[in-house]
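Chain IDs A, B, C and D follow the sequence of writing; residue 1 opens each chain.
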Amino acid sequence: MKRRQLFAVAAAGLLLAGPFRPAQAEDVVKIPCVCELSGAGAVSGTNYRDGAHIAVDEINAAGGILGRKIVMADMDTQTDPQISRALVQKAIDDGAYAIMGTVYSGSTIVNMMVAQQAGVPQFTGSEAPNITAKGNPYIFRTSSGAQKGVPALTAYFKDQLKVGKIAIAWVNNDFGKGGHDVFVKEMKRVGIDLVADVPSEQGQADFSADVAKIRQSGAQAVFVYLNEEEDARFLKEAKKQGLAVPLVGEVTLTGQKVIDLAGGAAEGAYAHVGLATSAPVPAIEAFVAKFKKRYGRDTDHNGIKGYIGVYAIKYATEMVGKFDRKALAEKLHGLTLDASKYPGMLLTTSWDKTGELSRESFMTEVKGGKQVVIGTVPAN
Amino acid sequence: MTVPVLAVRDIAKGFGAIRAVDGVSFEVRPGEILGLIGPNGSGKSTLFNCILGQLTPDRGSVEVNGRSVSGRRPFELSRLGVGRTFQQLSVFPKMSVLDNVILAGQEHRGSLLGRLFAAPDAGLTAEAERLIAFFRLGHLRDEMAGALSYGQQKLVDAAMAFMAGPSLVLLDEPAGGVNLTMLAGLKERLIAYNREHGTTFVVIEHNMEFVMSLCTRIIVLAEGRIIAEGPPEAVRADPRVIDAYLGG
Amino acid sequence: MAEFLQVLFSGLATGSIYALAAIGFSLVWQAAQVVNFAQGEFVMLPAFFVLVALHWFGWPLWAALAFGLAVAVAVLGLLFKRLIVEPMLPAGGLPLIIATMALSILLKEGTKQFYGAEAQPFPSLFPQSTVRLGGAVVAWQDILNLAVSLAVVVALTLFLNRSRIGRMMQATAQNPAVAEILGVNTKRMVLYTFLINAALAAVASVLISPVYLAKFSNGETLGLVAFIAAIVGGFNQIRGALAGGLLIGVLDNLTATYVTTEYRAALPLVMLIVIILWRPQGLFGTAEGRQV
Amino acid sequence: MKRLLLLGLGLVALLVAPLGQGTYVTYLLCSWLTFGIAAMGLNLTLGYAGQISLAQASFMGIGAYVTALLTLAGWPWLAAMPLAVAACFLVGLALGFPALRVQGHFLAFVTLAFNTLFFLVARNEDGLTGGPYGLSGMPRPDFGLLDTAQQPAFYYFTLAVFLAAAVLLWGIVRSPWGRAFKGLRENPIRAESLGLDTRRITLMAFAIGSAYGGLAGALFSPLVQYVEPGSFAFAQSLRILLMVVVGGAGFFFAPMLGAAMVILLPEVLRFTEGYYLMIYAGAVIVLMVVCPEGLIGLGGRLRDRFQAPRPRGDLQEGARP
């Protein structure tokens, strides 16, 4: 009896798993989106996917890439690196021309090896520094890695704020650790004294010890490298304890979500934003409005990442003139796409030999409950 | 002079201010069936648990076949040849009757590691079947023990106590909850086993009829002390015993 | 010193909310021998009931709070008892553990699906101003959270010790068979315990969400902390769970400030293991009444 | 005879399963077998010996990290695996000690705490474990004739390890140890009084179950070629526990069935998008309410329903008056 059940399961497995391969149509190009639609990364992954779909629909409406329509299949990694790896493999088996995703660095670091082996260009939303440090010629970022964003702040701390002692509050996961390691190195390089190094747990609720520690350390500024809701909790606690030094973040700290969550506590926070939904750029404002109209909710910067990723594939492929994965990857290395000629990029963007991306970025501050751009940082 | 199978020397055990057992000593000779009786609260169960190592006595010692067993864990006691039954139902309900009885014997064979590589039944099927048949459970060999009736489970419990060929078996209220027909059968089987193997029994029991007809010697406890000792007829007639039961 | 006071006060405020969850946990354990692995989600969820009333129905705050409490008691108390615990009690133990674990996933995913994955701001019940106490800055919110928690605990203790129903509930928890003989409707008393647990969770939820924000995943740590607080304090005691909650809140902050931030999450776990192995009745508990 | 035939058919199904399948399906099958091994181990600890453990993922983690570190240092897999398994055996033995003092919920929480502590150590000790980044790029084993770098070859390698593990476990549960484990589960006090050293056998139940977790970890490492702390957090232990309980704790084939459910069901429910976890959790609750013995128990119950019960008067004799 038990064996029969085992057999039944094996048979069911075979049936379930049976290959559902649609007929290969020559007039389409497959660009599957492998990203986090459920699990811890669902918010980022869903925005990434939805942004990408806007681009796909626009491109298809305008005739596709080299006359071929894009087909974008959504694949949910459940924010699980193992599953993401298998899904990238599946995407390749299904004949992907290029792959969009994944957003979580922990997933990307695993699945990019698969795409590399198969020679399929991959456009990730991850920002961990090590992704472009592995010499993988097929990985491309859709936003700057942390090792690019954090140094942009170094000058700000040194020249604008002129601090000698600084503290960092960071979330102790692969995202936070990436930013933390670059930051520590940078501060050492320019000779700013790191007086408090405070990691916190993902989802941590009580930041009173973290803030008390920083307050006691005598830091003249704090670099806050947390996820959005922890940003908000940190800001609230900092305000409560009267931590009266500049709080500076990377990307998220001045975002609308954090402002909403933190209430008045976000007032006066600074952040360097590589790709802000509130950037004073008409193309970005138009995209944000488009997103809101189509999905009935606001996007974060992941929506923009997905959007420009698809456009990057289109523009580079058209430059190559044919569907050649290797040529596409080679074309993108060292390529600069000027936003005035290539409007889908929203901002002028370039990639270097490692697939790292750079474009101009912004310093922002929360003023009157809104994110306000207070300066532009040139591409580096 | 033979070495007593069980020697209890000056056992005392108190709980707070209550002296449950207060200096009890006795010996049990090979082949005896000793009954341990007394009114509720006389200290029978406490004494039993002290002998079996479930409770640590405040003073005194227990010897089995001349070896001190104080401080031994229950499984060691079993390996020294002390079998027991339980007052409450105590079988392995989701195992067959045969497996119940084999388990009762297998831990006495070879080493722990040896048992990992031994035959699945540890070579005990034939012996277990003999014992199951002896207790007239042969037709239930492959049933789950938990599916058996109360009386049948009591018989399985008894069979398990004998499986390892113990020299001494302590029976904790074997008659409790068993109906009359079954009870007569149980008593008859116990006496038969005693005759065949010369195994020594110590029985705690409330059911006077059962004890009087089963045991060869009886010890009466009251308030933690032995108040009478002797053959069933003598104990039955002892005024102190009547007093303890009626006056207590 | 100021720093010490700062983290001490914050720890007490957080700990008082842990205590509410821990007390509910203990009560349910005593009454029905059920360890509720979804307790954290029970604290996470009522905030969303309130938010639904506020934003979807457009009700005023006080009505939304009443709605949240009522729905929590009905769903997390009555339905939980009737639909999950009651049919499973005979099977006991492991299946019930699995079922409450699955329930925690269900509540979490349901909240995410129907209200959203992002953290939500939650209206504060108390003024946002602060007060200086011996060099530490303490928010009125923290002080009032602590006060409300303590008041709830005192009221609950009085209810259990002084009122007729409370004493019947205690009798049921201590010895259901005897209580039954004495004419207590034990089934009803167990149900009351579940309702009280749900109400305590709702109070904890409303107190904690203005600070912690309402998020579907909030229960993950809360549930564990509540259990640890209950064990550390002594599983069979209200005052034990209260003390356990406060202790964990304070120790967590002190560890993070003075010992290690990387391993701050380890301290309660190590405490849990040590307590279970060496003082299973808990720091403030008595040996009787515990079953393992 | 019928049993052997069915077993043979199951084996053939396992052998042909990856043929003609894409690498994704093959990957899922490998994952199923790997988790099947971990679940088998937990089934021994929990299903047979009755000792609840919420730490099986941490043993997979220990196995995976040990294997990863050693193979990255150039050791062959065949040398690294036994060390990984032995490490888990020893740690499992240590984790068994709390079980000598507490049972049930208390044991559940001690093991849960252990799992979370393991996660913290794996994340914080980045000198050894790579911290939150984890370790990546472990080579897949190469046995000369069989290089497992490609997916089908790796599947057969996994299958071979799985079958060896299953046969070994079958041997253990059929031996007198299996009876001793069950005795410990059913009635530890009675078992002790019959000469069973319950302490030792409890420790063995933990150690062997954990060693199976370690073996699964040793396969996980080359399968995913990436280990990071999050893969071995408490949630993963919960997943393995679900496999055992949903399949039916204490039945030999239950973990395989349960692992198939837990790993394949999300694929089947994928069309429900975000609802699949809800549906899944709901199904588990219903299963536990309706049939606490799991799917195999459910199967048995359905079978009984369609068979007329045999009247057994002999089970009534000597009943309580």
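Throughout what follows, a residue touches a chain if its C-beta (ideal position, glycine included) is under 8 Å from a C-beta of that chain, and two chains touch if they have at least 3 such contacts.
Model, not experiment: these values are computed from the prediction.
Colleague: List the groups of chains still linked by touching once chain D is ignored.
Modeller: A, C | B
Colleague: Closest chain to the protein's overall Cα mean, using per-chain Cα means, please.
Modeller: The most central chain, going by mean C-alpha position, is D.
Colleague: Farthest from chain C in C-alpha centre terms, which chain would that be?
Modeller: So the chain farthest away from chain C turns out to be B.
Colleague: Rounded to the nearest whole Å, what is the centre-to-centre distance of chain A and chain B, using the mean of the C-alpha atoms as each centre?
Modeller: Between these chains, centre-to-centre, one finds 73 Å.
Colleague: Please compute the C-alpha centroid of chain B, do the same for chain C, then give the distance between them in whole Å.
Modeller: Measuring from centre to centre gives 49 Å for this pair.
Colleague: So, what's the distance in Å between the C-alpha centres of chain D and chain B?
Modeller: The computed centroid separation for chain B versus chain D comes out at 41 Å.
Colleague: Whole-Å distance, chain A centre to chain D centre, using C-alpha means?
Modeller: It comes to 36 Å between the two C-alpha centres.
Colleague: Return the residues of chain C touching two or more other chains; collapse runs of consecutive numbers into ranges.
Modeller: 112, 262, 265
Colleague: Do you know which chain A residues sit against two or more other chains?
Modeller: 42, 172 - these are the residues of chain A that touch more than one other chain.
Colleague: Could you pull out the residues of chain B that touch at least 2 other chains?
Modeller: Correct list: empty.
Colleague: Tell me, which pairs of chains are in touch?
Modeller: Final set of chain pairs in contact is A-C, A-D, B-D, C-D.
Colleague: What residues on chain A touch chain C, complex-wise?
Modeller: 40, 42-43, 172, 198-201, 203, 205-206, 208-210, 212-213, 215-216, 228-229, 232-233, 236, 240-242, 257, 260-261, 263
Colleague: Within their complex, state which residues of chain C touch chain A.
Modeller: 3, 6-7, 10-11, 14, 112, 117-121, 130, 137, 139, 208, 211-213, 215, 217-218, 220-221, 249, 252-254, 256-257, 261-262, 264-265
Colleague: Within their complex, state which residues of chain D touch chain B.
Modeller: Residue list for chain D touching chain B: 172, 174-180, 182-183, 186-187, 189-198, 200, 250, 314-321.
Colleague: Could you list, by residue number, the parts of chain D that touch chain C in their complex?
Modeller: Its residues touching chain C are 46, 52, 98, 101-106, 108-110, 112-114, 116-117, 120, 124, 238, 241-242, 245, 249, 274-275, 277-278, 280-282, 284-285, 288-289, 292.
Colleague: Spell out the part of chain A that touches chain D in their complex, as residue ranges.
Modeller: So the residues of chain A touching chain D come out as 1-7, 9-14, 16-17, 19, 37-38, 42, 76, 78, 81-82, 85-87, 89-90, 92-94, 106, 109-110, 113, 128, 130, 172-174, 176-178.
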